[in-house]
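For reference, the structures are reproduced in the following blocks.
Look at the two complexes coming up: chain A is in both, with chain B in one and chain C in the other.
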Partner chain A sequence: MEFSQFVQNLLNGLAIGSVYAIFALGYTLVFSILGIINFAHGAVFTLGAYFTYTLVVGEFSNNGLLKGVALFPDGSPLSGNPLTFALATLLGAAGAGLIAVLIERLAFRPMRSRGADPLLALVSSLGVALVIVNLIQLLVGAEIYNFPSDAYGETPPALSFTLGGKIVIIRTVQVIIFAVSLVMLAVLGYVIGRTKIGKALRAVAENPTTASLLGISVDRFIVITFFLSGFVGGLAGTLVGTAFGVAGPYFGVTYGLKGLAVIVLGGLGSIPGAVLGGLVIGLAEAFVPAEYSAYKDAVAFALLFVILLVRPQGLLGRAAIQKV
Partner chain B sequence: MIRTRTSAQFSAALLLSLGLTQAQKVETVTIGVAVAQTSNTALLGQEQVIGARFAEKFLNGRGGINGTPFKLAFQDTGGDEAGAINAFQNLITKDRVVGIVGPTLSQQAFASDPIAERAKVPVLGPSNTAKGIPQIGDFIARVSAPVAVVAPNAVRQALKLDPKIKEVAVLYAQNDAFSTSETGTFQQTVKDQGLTLSTVQRFQTTDTDFTTQVQAVLNAKVDLVIISGLAADGGNLVKQLRQLGYKGLIIGGNGLNTSNMFPVCQKLCDGVIIAQAYSPAQASAANQVFVKEYRAQYKKDPPQFAAQAYAGVQVMVEALKALDRKKKLNTYDLDDLRVALNKQILAGKYNTPLGTISFDKEGELIQKEFYVAQIKMRDAKNGSFVYLK
Partner chain C sequence: MDDFLQTYGFLIATMLQAGLLGLSLYFPLQAGQLSLASPGFYAVGGYAAAIMLTNPAFAGLRDTLGNGMFPLTWLAGAVLGGLLGVIVGVPALRLRGIYLALATIAFVEILRVVALNLTVTGGAVGIFGIPQAFGFQDRWQYIFLFLPLLLLTLLFARQLERSRVGRALRAIREDELAADAMGVPPTQYKVLAFVIGAVLAGLVGAMSAPFLNTWNAKQGTFDASITILAAVLIGGSRNIWGPVVGGALLAAVPEVLRFLADWRLVINGLVLVVASLYLPQGIVGALERLGRPRPPQRPTSAPVSAAEVKS
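Moving on to the complex of A and B:
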């Protein structure tokens, strides 16, 4: 492989890998508290992108119940420059966080209160995911929605240079995605590692019964976990949507599957593992040769398979201790 | 009332138990529309729903079938074969349709058309462009021109615009049967025109990030890029090609022949050449009335998928009108009407928005006019396909 191609792949892989990482963090947060996989996380990712779109454009096309609706006939106050778009992105992510809280109330809490098998909660979250995806389609159709060009998707490349006669180009949106992901990871790391909320979350994750005896409201912290999970999932949805467009209600399905691969690869329940897993899968995909790039998903999952054969607990996961 | 219903049910049960079918006259003429209203394919199917509904309203407003309105029954096929089979079965047995316009995808047609063939129900494929569709059976025809006829026109047109074109990159969605079929035609055309096929890149219709493919295209230093995909992925590919600095001509296949692409690549769609089986610029009176009414209602030009679905319904209605003139439709048994309708569809000639069309004896479309258009964007959202002569 030529050096220019190596540099290009490395930069592409870091950008997409950082999105995988923050998206997978949502899975990890819920798994570390409840010990279950929230299959609706991919749908929350999609919702985040749609919420932001609604805030910055608010116009719906020819299909769905909202066809022809224009929420801002004179243009959205949140559109027009990157700063207002950033605000809309945060609000969109917060909306996705609230939906995740609702999912917890409807799909997980009733199961938990009846002491149901975690497998049932998994199936119930899968059902919620399908309902959300179909609801989006019912409301706004299957059209592709794009953020306006001032939402930094259309800006000129951040970096363009020639290495050994070949072009290396970095899109501005790739740099923004990488930067936002780093900030998000740092903030989450700080919240979970250094704040009282983080300590309480870790206590609930360690042992909910003991945490409850220590005066921690387990239900409240589960709600906080779901909000954070939905927030990062929704944020990832908008970031991807900004770079590539919101490609319909099924937008989050592939990311949902890939997020699962990321957390398994990194180690279930491990936050640094989710970050590492995201970057590894992003880079693995980026290094698939161009003529085989249609098979990059298969390569990512094959890598997962191989690593799990060698290290079943994932890259940074802890091996289960068997009591004898 | 209850007694009447019970006795009717008893009679029906008795007939069924004796193995007899109750011959029923056709009271209301219902045409089935089985397209993808949900799933990933809904982007195309929802345009077809608009086209079919538009035909129902417009043609009924102009007298329906010689003064009698007809009805459309819609069934959602989803994006897979099982959905298409289910939709066809429902339309045939539950909605008791005289004929079916559908399904959306060729690979769905290969699964569901044999159901209609066995039930002797005429089918008009509105967007089934793969090889072998009309050959599924006597009752299967299509109003969508096969891809092999449409695609080469675009390459010839690109060479007219830039005779210096030498190196060509071809990209296609390898998980879509239609795109893989179309790319074969494009690649053959490239060779036939004496051009060099510098790189062939594959992608998936579900992909959003095309950095790898775009990089390969840029490094191959090509003069022309040909894309076979669908609106979402194809539009994104165009966008990323332009954003990353590709300045040459781009040809899009039939899957990109929809204004749904405009919001994806926005201003960067400008200049993309599209081979079309339908053009809003087609001058016939039938098309211009259709375009005018469509624009008034939807504030944009009708896309090809809507026009083909409209044409499918129109062909069924005109064939029914012709039959009705010979013998009143309400005197037919449903089974007889379906058989007669199939014969009439294949025998007729129709002035549709696609131009004048007819069918050969196998049900293959005979369409005289094809188009090549270039996308002209007015702003970030609105654009049009400008017909290239």
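Moving on to the complex of A and C:
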């Protein structure tokens, strides 16, 4: 591989890997607090993209439903402005966060209060995913929606530079994805590592019973966790949507599964692990040679399988303590 | 009777098939192992049958054997499923709980991507025009295949449960370390239960390829894993009738809800949510409890989980 090709793959891998990372953070946050995997996370990712699309364009071609709900319709002074798009993205992510809270309230909390089998929580969250995905399909159809090309305003579509006589091209949207992900990771890292909320969250994750004895309202922090989880999931949805278009109701399914590979690779429940896992899988996919690109989707799962056999606790996870 | 079979026969065959797949997941679950690999073995068994029944390479064999070809494809499906079960099971069963579940999901996904890209499996299009088993004229006639297999499997499961092996599996499910200490080698028994499930899934796949007439990568997906798991949990995972009842029920729901047209998948999701919230022991578990006198009330002190006591 030539050096310029190497750099190109590296940049592509970092961009997609950072999306995997923030998406997987949502999974791992919930897992670290509740010890369950929320299979509806992929559906929340999809919703984030749809919410943002609704705010920016406000119209779905299928049946005209949601017509005119755009906050920033075409031709208004605010459309085509990167700040407007950023605001819509944040609102979309917040909407996804609220949905995640709703999911917790309806599908997880009733089960938690009865101390049910975690397997049932898995089935329940799958049921929720099925409901969301099919509702989207019923309401706005299965088409691919593309964000307007001027979403970022006047920014050039791609940046390029020469390296050893070869041109390396990186799309602006990739740069934005990478930058937003980094900022998001930094903010989340700060919230969890340095603030009082984060301290309480970690206490709940460590031992809910002790945390509640110490006066921490466990239910409230579970709600906060789900909101954060939905927020980063929805944000990842919009980011991927801007890069590839919002590809129908099943948009999030692949990400949902790959996100699982990411968090196990990094270490279930580990936040730095989710970041590392995302970057590793993004890079591994970017370096799949073109002639094997059909097998790209298997890379994450092959890595997952291998890591489970070699180091089941993941790259950065703690080994589970065997209780005797 | 004829009218009845014309109308409902296909649905009944589908329900029996779903019950069988539920049982394939039940065997490892009996040893406490949550495996989601069944659709992988099912897909491989189906591909084996589909290839043997349509590929020109097997034309000579088909001419010689005639209808005998079908039992041969079942054998191939079962053996392939079993072999793959050993290959995957030996390393994967070192894992527990959610990790085993994720490893088996990874296995199913890898198989799916491979099936999508091979020529012999027909790539993304898959294999179609698979001839009907024994020249069946109607799809409901597959009841003649699925029903005996289901009865045999139930009989086998019942005998297994009562045997030494069955007791060992239950011991491992309740407490692996204790079982190990009592001289029950957990790994061997866990792999055994996993392979039994794999053989069954491979066999059902081989029977289902002609039933569905076409076979493609959609047969073995994550969605399929989840549907089967949901069937077992909703039916009840502690009794051999649970997977059968759950499988049959979940296979019937979309048909029964046909009048809801586009809404039925939404309702399907709601059924999963409501059932997992309100039937934690599954339908069979709930019925069992109805038939039994209430256990004496426990003292109402704060519940302390076993894990907390131990740590």
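Following the convention adopted for this analysis, the second predicted complex is superposed on the first by the 296 of 324 C-alpha atoms of A that agree within 3 Å, B and C clash if a C-alpha of one lies under 4 Å from a C-alpha of the other, contacts with A are read in each partner's own complex, and residues count from 1 in each chain.
The rule is short, and it goes like this: contacts are C-beta pairs under 8 Å (C-beta built on N, C-alpha and C of every residue); 3 or more make two chains touch, one makes a residue touch a chain.
These numbers were taken from a predicted model, which means no experiment stands behind them.
J.: Just checking: does A:Thr84 make contact with chain B only, chain C only, both, or neither of them? Give me first, second, both or neither.
T.: neither
J.: A:Gly248 in the overlay: touching chain B, chain C, both, or neither? Say first, second, both or neither.
T.: In the superposition, A:Gly248 touches chain B alone.
J.: Considering only touches as defined above, state whether A:Val264 meets chain B (first), chain C (second), both or neither.
T.: Once the two structures are laid over each other on A, A:Val264 reaches chain C alone.
J.: Touching A:Pro148, do we find chain B (first), chain C (second), both, or neither?
T.: A:Pro148 sits against chain B, while chain C stays out of touch.
J.: I'd like to know which partner A:Ser212 touches here: chain B for first, chain C for second, both or neither.
T.: A:Ser212 contacts neither chain B nor chain C.
J.: Once the shared chain is lined up, is A:Ser293 touching chain B (first), chain C (second), both, or neither of them?
T.: First partner only.
J.: Between chain B (first) and chain C (second), which, if any, makes contact with A:Asn134: first, second, both or neither?
T.: In the superposition, A:Asn134 contacts both chain B and chain C.
J.: Scan A:Gln8 for contacts with chain B and chain C and give back first, second, both or neither.
T.: Touch status of A:Gln8: first partner only.
J.: Shared contact residues on chain A for chain B and chain C?
T.: Of chain A, residues 134, 137, 253, 294, 297 contact chain B in one complex and chain C in the other.
J.: Where on chain A does chain B make contact in their complex?
T.: 5, 8-9, 12, 16, 61-63, 134, 137, 141-146, 148-149, 154, 157, 160, 166-167, 169, 171, 240, 243-245, 247-248, 250-251, 253-254, 286, 288, 290-294, 296-297
J.: Inside the complex, what are the residues of chain B that reach chain A?
T.: Residue positions touching the partner: 38-40, 42-43, 45-47, 49-50, 174-175, 199-204, 206-209, 211-213, 215-216, 218-219, 231-233, 235-236, 239-240, 243-245, 260, 263-264, 266-268, 298, 380.
J.: Taking the complex as given, what residues does chain A use to touch chain C?
T.: Chain A residues touching chain C: 37, 39, 106-107, 110-111, 114-124, 126-132, 134-135, 137-138, 209, 253, 257, 260-261, 264, 268, 294-295, 297-298, 301-302, 304-305, 308-309, 312, 321, 323-324.
J.: Which of the residues in chain C end up touching chain A in this complex?
T.: 34, 91-92, 94-95, 98-99, 102-103, 105-107, 109-110, 113-114, 116-117, 177, 222, 226, 229-230, 233-234, 262-263, 265-266, 268-277, 280, 303, 305, 307-308, 310-311
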